[in-house]
Structure formats: C-alpha cells, structure tokens
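Both complexes shown next keep chain A, but they swap its partner, so chain B is in the first and chain C is in the second.
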Partner chain A sequence: MATLDSHATYRPRGLGVSVGQGVLIALALLCVAGLLLLPLLVVFAEAFGKGWAVFVAAIADPDARTAVWLTLTVAAIAVPANMVFGLAAAWLMTHYDFRGKQLLGALIDLPFSVSPVVAGLVCVLVYGVNGWFGGWLDAHGVRVIFAVPGLVLATVFVAFPFVARELIPLMQTLGNEEEHAARTLGASGWQIFFRVTLPKVRWALLYGVLLSNARSMGEFGAVSVVSGHLPGLTNTLPLQVDQVYNGGSASAIAAAFALASLLALLTLLTLLIKRLVEWRHGGELAHPVRRH
Partner chain B sequence: MSISINGLTRRYGSFSALERVSLDVAEGEFVALLGPSGSGKSTLLRILAGLDDPDQGSVLRDGEDLLALDARQRRVGLVFQHYALFAHMTVTENVAFGLRVRPRAQRPSRREILARVDELLRRVQLEGLARRYPAQLSGGQRQRVALARALAVEPSLLLLDEPFGALDAQVRVTLRGWLRELQRSLGLTTLLVTHDQDEALELADRVVVMNQGRIEQIGTPSEIYREPATPFVYGFIGRSNHIEGYVERDRLLLGGHAIRGELPPDLGGQRVNVWLRPEHAVLSSRSDIGWTARIVRLAQAGGVIRATLAMHGEGVQMEAEWTAGEVTARGLAEGDTVTVQLRELTLFTEVGGGQRRDVFRPFRDGMSPASGGAIDMGPWLHRKA
Partner chain C sequence: MRRFPLIVFLALGAVFYGVAAQAQDHRLLNVSFDPTRELYKEANTAFAASWKQQTGKDVRVTTSNGGSGKQSRAVQDGLEADVVTLALAWDIDVLADRGLLAKDWQSRLPDHSTPYTSTVVFLVRKGNPKQIHDWPDLVREGVQVITPNPKSSGGARWNFLAAWGWALRQPGGNTDKARAYVTQLYLHVPVLDAGARGATNTFVQRGIGDVLIAWESEALQSQQELGKDKFDIVVPSLSILAEPPVAVVDKVADKHGTRQLAEAYLKFLYTPEGQDLVARHFYRPRLPAVTEKYAAQFAPVKTFTLAEAFGDWRQAQATYFADGGVYDQISEAGH
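Right after this comes the complex of A and B.
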C-alpha cells in the first residue's frame, strides 16, 4: 500500500498557516477590533452606562425626537429621489450613446470625490439668502438653507452615486436584447421598464438603495453646513449627537451616546438587510470589484 | 404577407452595412439570408424588426409602408440567437408576454391567453415545461420557447436571427427539420439569417447570398449551388477550386495544361478566373485522356473521399471528390499518380465592374498536356513563368 501512503502528502494544506500569514491575519483582526468593533461597543456601553433611565430620558427628549423624525423624513425624501435619479442615470448610461457620456459618468461620481463640507457650502452659495437663487426664493417665502429643503438637497447630493454605480455595471453586463425582444412583442416603454428591466436589476437596485439610505441617515458634513443647528428644528440625528455631546456635562455625554447608539442601530439594521440581500441574491449583483 | 424591400441602405459612419439592397419575399415563403459575418444580413433583419432605421430605401408589406410603423406596431416576430428570454418569467409568462402587454381593448381574456399559450407550447413540443424558468431549460428548449413567444402575437412576418447558432450540431439538425415543418404548416412568411450554408440550403425556398452589405445572388438552393452568379458565391457555397486561366481560341490554358472545348469566341485572349467543384474533377478511365496528377492526400469525408491533387505542369493544387467505391476499386493511395478529367468549369471575367459568367464543358477527349510552343506563347503564361 505504498502508493496509498504517498497520497497522504497531497492532503489539502489550506489550514496550515505560515508565520507571515499569521502576522497579517493578527494585524487585520487587531485593526477590525480596535477601529471598528471597539468603538461600536463603546457607543452601546456608554449609552447604557448611566443606566436605563438616562437612556430613555435622552431618547424621549423633544429635541432628540424631532431629530430622529427629521432624519427619517430627510431619508424618506432623499432615498426615493436618489433611486429615481440613479435608475434614470443608469438607463441613460447603458442604453444610449450621446455626446458627453463620459462627462456624465464623471459627474455621477462627483459626490464621492468632493468633500461633503464643500457640497454643503455649494448649497449655501446657490440657495442661501445671498446666493444665486436665494434672493428670489426668499422673496417668494421659500427657505432652503437652514431649513428642511436644504437638508434634503445636501443629502441627495452626497448619497447620489450609490444607486447608479450599483446599476450601471449590471445593466452593461445584461445588455438590452431582452428589451428589444419586448419591444418587438408590442410592449410600450413603460411596460418594458416595469416588466423587463426593473425585475432584471431589482436586487442590485435594492442594494444600491440600502447603501444610499445608510449614507443619507449618517451624513454629517454637508448637512451640518446647511442646517444652522437649530435644535428641535433643523438638527438631524448626527447633528443632535454632536450638539448634545458638546454640551459637556456627564449626563450630556451619556445622552449623546444614547442618540449615537440609535444612529448606529439604524445603520446596523441597514447593513444587516444588505448582507441578507447579498447572501440571497449575490449572483445577481454585479460588483465592479468582482468584475475586475 | 408579401414583403417588398427596395434600395435599403444603412451606413455606420464610413462603414456601409447595407448598400442598396432590394428583395421581394412572397407570401408564405421561407427566405434565408446567407453570408459571412459583417455582410449586413443581421442589419437587414433589425431594420425589418424596427430595431434599426435605414438611411435610405423602403419596405412595403402588402403595399403598406412598414418602416413608418414603430417596432411595437409591426407585428414582426423576431427570434434572437441568444434567445433573449425574460429570465425572471416562467415559460408560460414568457410566451404570454406579447399578449399581456396589449392595450386592454385588444387584450384577450386571461383564459384565452392561457389557452393560446398551451396550444403554442404543444406546437413547439414543450407541454410539460410551462412552469420552468429559462435557466432550467436546455438551449434547444429555450430556442423553442423564444419561437413560441414570437408566434404568440400572431406575427405577419417571422424573423430568425441565427436561431441555431448557439446550439450544438445534433440539436441544430433536429430543430432544422422541425422548424421547416412548423413554418410550412403555419404558412408564415419567414426570413432566416444564418452563416451556415447547410442550414440555408436545406431550409429555405430561396437563398439570398450577401457580402459586404450587398446582395450577391438570389436563387433557389439548387441555383445557388449549381449556378453561382459571382466568384464570391462560388467560393462561399460548398467546396471549390479556384485557378487562374487564359482563353486561347478553343482552348483553356490552366496551370500548364490545355483543355479543349467550346468557348465563347469573344473570350479569346483573355484572362479568366476558373472555378471548379471537387466533384467535377473525375477519375479518367484512360490514362492518356486527361490531366495527370499526384495524390497528395486522401481523406474520408462522410460518404466521399476527398483528394488533394498536385496537378502535373505548374504544380497547381486541386481538390477532388470521389466515391469510396472508385477509390477502393482502383486501389488508390497517397502518392499515386492518376488522370483526371474536368467536367464543368465556371469562368468568371471582369467586365466593366461586373462579373461575366460562362460555363465551360470540355470535350471528353479534349484534355492534353500543354506541350509545345503554342501554349507558352500565351501572355498570361509568360507572365507567370
């Protein structure tokens, strides 16, 4: 049985770890623990550190409740808007050839590369009282900056690319033969979109929407510039956390963490749904990362 | 319904995909568009389906302007090479799609739709697979679903774009016979695009050979094979030999050999392109009548033996096809010397941009070695030497 024995040396060695690999893995784990996991735990630990009563009081505070409500409202407007924009942009980028297509592609990515603070400032410069349209808007009694419309505008801007960036590679891979087939079968443009295109990309769309939502609810920089920090009026949850924390007292810090834990929870929920989508429909999501 | 295509031209930048293409298709006719890739056959199909627009030309369906209609109103069934089935719909939903998207006033009832889908699935022999998704079907099954889906809207014209291109050889041949039967029984005017000449010749009533955006020849399968109108068609359809020759009064000079026969007098003194089918290079019964050649290679090809011959003289190579019986009876092997007679040669001469075509049938005893001064005097032979 010498031949059989010799096979033993070919047994898979995937589990054997060399010293170099071990160091790298340890380093990665340390980074994940120190930079990601620990802060998350600290948020929850601090939130409940002063007891349940402080936590409830922090959440029940009218300003805090307004902030939660405002965050959800802004997300409820910005996310559907970005979904429609993203779908339209992806459709345009993959179904038509036109002059300036490259430029449009670059513009879609712009919010990724521009600092959110700059984005907020741009909003102020354009829609602020002394901005381009600000005077006209003010004259008609419309307040954009230091009001909810401004928050929505800034949020739409920073969360814009997620849906389009998720859809474009997938739609490019799938091509449009099915759409052509639908057309020759007599379907109208809307029928093609709702019955053929949308079902094809639904999971990628949901994935993009979730990412866009996470960004919308967590955005600080751009929103901070346009908000004006009016507690109970224009403070979203991230801004409220910041403001309460800067209040300074020990109970204020606990309250800030309580609110932060709420924000973290929202984000974790989004991530959980995202993981679930990935797990169930991973094959239908075309990731740029996976393609290159 | 009959289709009349007139002067259709489509250019992409400087590339001309279709160049003044005209074609009439009779009601119930099965026409195959055959050509190499880039010959414009798919472009023609896409224009008929309404997925592309021509730069010039017109298409009439029973006298009605087809190009004026949007793709969705044309009632033209298109079957794609890669099926283009809706992946998220079952077979039934795929087939029913064209009926379900109709405006309410024209839409059949739910029950009628399902009845029609059932009937179509029976027609394409997919009864048991109604609830499957395309991903759960084989290539041949998918293509039949695509066909049923196209037929569901009762098209007046069926367009098939390389429908069997993605299938393996056996399935392809089976589906071919089946498709012919189906088309006949429906009496549906059908255009098939293919680069597979067997498919075109076997399926179609008429074959349109296309090359570089132009129609080279339109004819029945046997006309296309037996009387190719241009050198391109001769070379593209079936197997062929191409040799340059020179006409000298009543003789054709070919690779150092003279062949006597009746030649049109006005071809005298001209260079000609000589084309010959392998089956027209037959083994001579007498070694002194014909053109001697050495057998370079013998290969079994289906029912025939394919021989590569090095002809005596200037070393022209030629392909011949003989029956296995002949080869065995004569005990032929590679390296042997044989004598062949050429039975039917097609001579193409360039005349003012076009191609003049003559068929040349040599006298049975008209083939002799090209010896002596007379032959070497031909200007073309001199040039070659």
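Right after this comes the complex of A and C.
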C-alpha cells in the first residue's frame, strides 16, 4: 500500500540530501529509466518508425480492430465480475469468522502465485473437449475453450485478486462499528452494504478495479493457452501483437509495435485514471474515516 | 450501483449471442503450422473468390498459425478445425488416432495429401563468411547453427531428419555415424526456438548465428523480405523432400456441415491457380506446368524422401522424437 502512504505530508527535516540518499535516488531513477521508461519509449519509437501510413494501416486492419474490440469486451465482462467477486470475498473475510477463512485468504492470492500459463492449461483440462466437463459442454453445443467464454474465464482468474486485496486491509482498518450502528437502527443487510460499507470503500474499490482492468487487458499467458489464436475471432490485442510480430518482415514488426503502442495506451489510460482518482480523492484514500 | 449484476448478465448474454451468431456464417477454420501464414492469407482470399464464382456464396476462411505440434494439440483439445494443414503427417496421424478423421486420410488426396513440398537448405550471411557449403561445414569449430527445437517444431524435425539422412547416405555411413554427426550438430546450436518462424527471426532479425537450417520456402522469403544483399542461400549436396500434408477433419466438418466446402478448399490448392500461389510463396508446386514456370526460383537439389530413408512418420516419430527417443538421448548426452 505504498501508494497510499505517498500522500502523507511527511518531509525530512532540512532540505539537504546526504550522499547516501543521493546515490539511492540516482540508482532508483536509473532503474526506472532503464527498466520502465526506455522500453515504453522503444514501443512508440518502433511503432512510428516506418511512418504514419504503416501505423494507421496496422490499426485499421480488420483483425486488429477485432482484437481491440475483443480485448475491451473481455475486460468489460471480467472486470465487473471480479468487482463483484472481490467485494464479496472482502466482505466475507472482514465481517465474518468462519472455518476455512485462512484457506479462503490463501485462495484469493492463488492467481498471484500460479503462473498464468498453468491457469490457462487448467482451463483446458477442465473445459476442453477431453476435460472434466468438456464432453458434456461439447454435447450441449457450448464452446468454452478456443472461444470467447474461455478468454473471459482465464482473464477473470488472473485478474481476480486485485479488488479483494485492495479492499481487505482497508475494511479491516475501518472496522465494523458503523455497520453495527446501522444494524441497531434497523437497516437491512443490503442497505448496510450500499449505504454504509460501499461509500466507505469506494475509492479503494475503484483503485482495485482499475488495476484489475489493466491486468485484464494486458494478459497474455493464460489467454494464449485458451485462445486457439484465430485472427479476427479469438485473438485479443496482446495475442495479435505476438502473432503479427511473428510475421517476421520489417513491416510486420512495425505493425506489431503499432498494436503494442495501442495496448500500452489503453493501459496507460487506466493508470492515468488511477492517478486522477488519487489526486482528486487522495485524502479520502489515505484517511477514509475522516471523509464525513 | 444496484443494477450492475444485471449489466453483467446482459453483457454475457450479448457475447454468447455474438458467438452463436458467428457460428451461423459460412466459415472455415484452417489450423496450420508456422511458416504458412503468408501463403494461406492469400490462398484464403483467392479461394473465397473462386468459391463465390462457382456457387455464388460467400465464404470466410480463417487460418490459425503456430508450431505444428502445438496446433495439433489444440485440435485434439477441441479447437474446431475444419481442415488442418500441418508440417508433417505425424501431427495429423495423432488426430486420426483420436478418431477425428479417418486413418487412411493420407490417401484421400493426390501426392499423399501434400499439394506442395519444400526442402531443407542453409541460409547464411551475405558472402558466406564462414564458407558453409555442405552438412560437414556446420559442425566446424566456431560455427553457430540456428534450428528450432524438434520436440515442438515440425519444421525442425524435417531439419533433423535431413541431417541424419545425409550422414546415413555418406560412404561408409551407418546409424552410429549419423548419430555422432547429429549430436555434434546440436552442440553448435546456441538458441533452440520453439517454432520455425521463431528461429528465422532469431537468425534474420536478431542477427544470431552463422547459418540457419531452414525450409527453402522460409529461406527464399527471408531473402525477398530483406534483400538479396543480406543473405545467401546454400544448397547442400543432399537434402530431404519436406512434405507438409493437408486433410479435412471429418468429425468437425460433419458437425459444422462444411465437408463439401472443406474438400473444395483443399482441392483448390491442387488447381493451377492454387499451385501458382503456392509457388509464389516459395513452396515447390506439384503441377509440372507450374514447376516449369517457376524453375528459375528453385535451385536444383538432390533429395531423398522420408519414405525412402525412414519408412513413415509414425516410425520416425517413435524412433527419433518420442520421449526418450534419439533426440532426447543426444540432447542429454550433449549436456
């Protein structure tokens, strides 16, 4: 939760920076420049390296447009689903004591610890034609793997923990007093949730949703396994980037980077919204209790 | 906020509806291997035009590309390919073993169901600085060879068998000598890519290695893409005739009701128009007339077929590439 702390008004005494601090700052800046900024610049430089015409042609390609649309569609389903799951999980974890609570906590983190490729393979093993439910699904004409539902499933899996992980610490800190008060005043469960709990955590929730969205749009590994790589049908934007890049010719590589820059823009937009939220509501994020 | 679960359901509904609606179209899915993407991109459009002319109906063919073995695996896992056009017969034999198509699939179309062929050649940097002229030169001191991993790449298996077959056919050649040569060869490989296209990119784009063992089609295309001033093609004294087969996946085609369309699609590859397209994408055509037209494009190569040297793909797969097979043994010995 380092990002939340950054809003605290802590300042070191005196303006001077010691040598040790200076070295550390330089090192950090170097890392940021070399590992984050430079690759991002390369993406855009390569994207426009062959000129605007190649860039526009790459974006206008029907398969590329389908990929963009598909990526947005998958995120549009996966993110709200994860918002609901995350809220429910965080609510359970912080408002109730029950057997297996520890286990639930571990399960929420599972998508962070399991490699996305494994997540994808598990989807294939369960829902693939030779999988546990695959035969039944196939007999009923439902296609999950190598179709959009499989993409959504894999994406929901990998982007699952973000919302819950944002909410749980906050809900724990905030405690249950206000909910209890509402209950004694005769509020129903839904009323408590929508009028007390949700307003208290809404910025953390939004924050989690944005992170979850960035992950959903950028996911490659899990989606790659369940996609079948059908251009214009099941290729999401990251998969399309890879596929176009493997075309190998110089123009194909420029086109791949054009798509990659589009993907980067989509994710950057998400992060920008996140920054805006922090900026506008930073105080509430850091000290939600004082909001009233 | 109260309504958002409803929105989720609506969105889900819309997607399922969309998927179902797409399935109604006149569609064909061709699951292919890696280096055919340019060929089928054009062939799909040409076939659609010819089908429209013949029947007045629109058809849209989609091609999925990837390593041959991986693609075959996806079809086994339920990727609904109406036709498969893979790098080697074994990857389709596996599908037949699973009951997805008839076991005698290879006799259903002319030329053992391979409408085009290629052969294994060497791509070297301009001027051939390492003086690579034939197979023995690949295992000289200081020569780095790029070839993909035979466990995952179909193209790489043809490369492996070309090297093995050459060694076998040398004066005094036998299995032991072939094994010794191929073991040496893989010790000279610094990067084992998963697929043929990955290996080409490693050599051509990233500039790694002195020689790329590649299909002639890949080598010619790289040369065309990047200019003849950058790469030379070296034809070895003896190579293998690579025969990548095509087949209709019976079970899927019958389920989709696309059998007629799928068969027409594959037969289109044998027509003069299809053969011309094949040759333009640097695969060797089967039709003599087209072969003659493109004679200048293909250097004469002395080749042996898989059948002559190794029997069939089932045997070759079991001996060389199955788990614990010859390739596993030599790559373990190499460590």
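Here, the second predicted complex is superposed on the first by the 259 of 292 C-alpha atoms of A that agree within 3 Å, B and C clash if a C-alpha of one lies under 4 Å from a C-alpha of the other, contacts with A are read in each partner's own complex, and residues count from 1 in each chain.
By definition in this document, a contact is a pair of C-beta atoms (placed from the backbone, for glycine too) under 8 Å apart; a residue touches a chain by one contact, two chains touch by 3 or more.
Because the structure is predicted, anything quoted here is derived from the model rather than measured.
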Sticking to the clash and touch definitions up top, decide whether chain B and chain C on chain A clash or fit.
fit
Of the partners chain B and chain C, which touch A:77 in the superposed model: first, second, both, neither?
second
Using the superposition on chain A described above, determine whether A:195 touches chain B (first), chain C (second), both, or neither.
first
Name the contact category of A:181: first (chain B only), second (chain C only), both, or neither.
first
Of chain C and chain B, partner touching more chain A residues
C
Have a look at where A:138 lands relative to chain B and chain C in the superposition and call it first, second, both or neither.
second
Between chain B (first) and chain C (second), which, if any, makes contact with A:146: first, second, both or neither?
second
Is A:233 touching the first partner chain B, the second partner chain C, both, or neither of them?
second
Thinking of the overlay built on chain A, is A:128 touched by chain B (first), by chain C (second), by both, or by neither?
second
Smallest separation in Å between any Cα of chain B and any Cα of chain C in the superposed model?
15
Is there a shared patch on chain A that both chain B and chain C touch, and which residues make it up?
none
In their shared complex, chain B is touched by residues of chain A numbered 177-178, 180-188, 191, 195-196, 199-200
Could you please specify the touching residues of chain C with respect to chain A in the complex?
1-2, 4-5, 7-8, 11-12, 15-16, 18-19, 22, 29, 34, 37-38, 62-66, 74, 76-80, 195, 197-198, 200-201, 204-205, 222, 225-226
Where on chain B does chain A make contact in their complex?
49-51, 71-78, 80, 82, 84-88, 97-98, 101-102, 146, 149-150, 152-153
Quick check on the complex: what are the chain A residues that touch chain C?
73, 76-77, 80-81, 83-84, 124, 128-130, 134, 138, 143, 145-149, 152, 194, 198, 228-233, 243, 246-250, 253
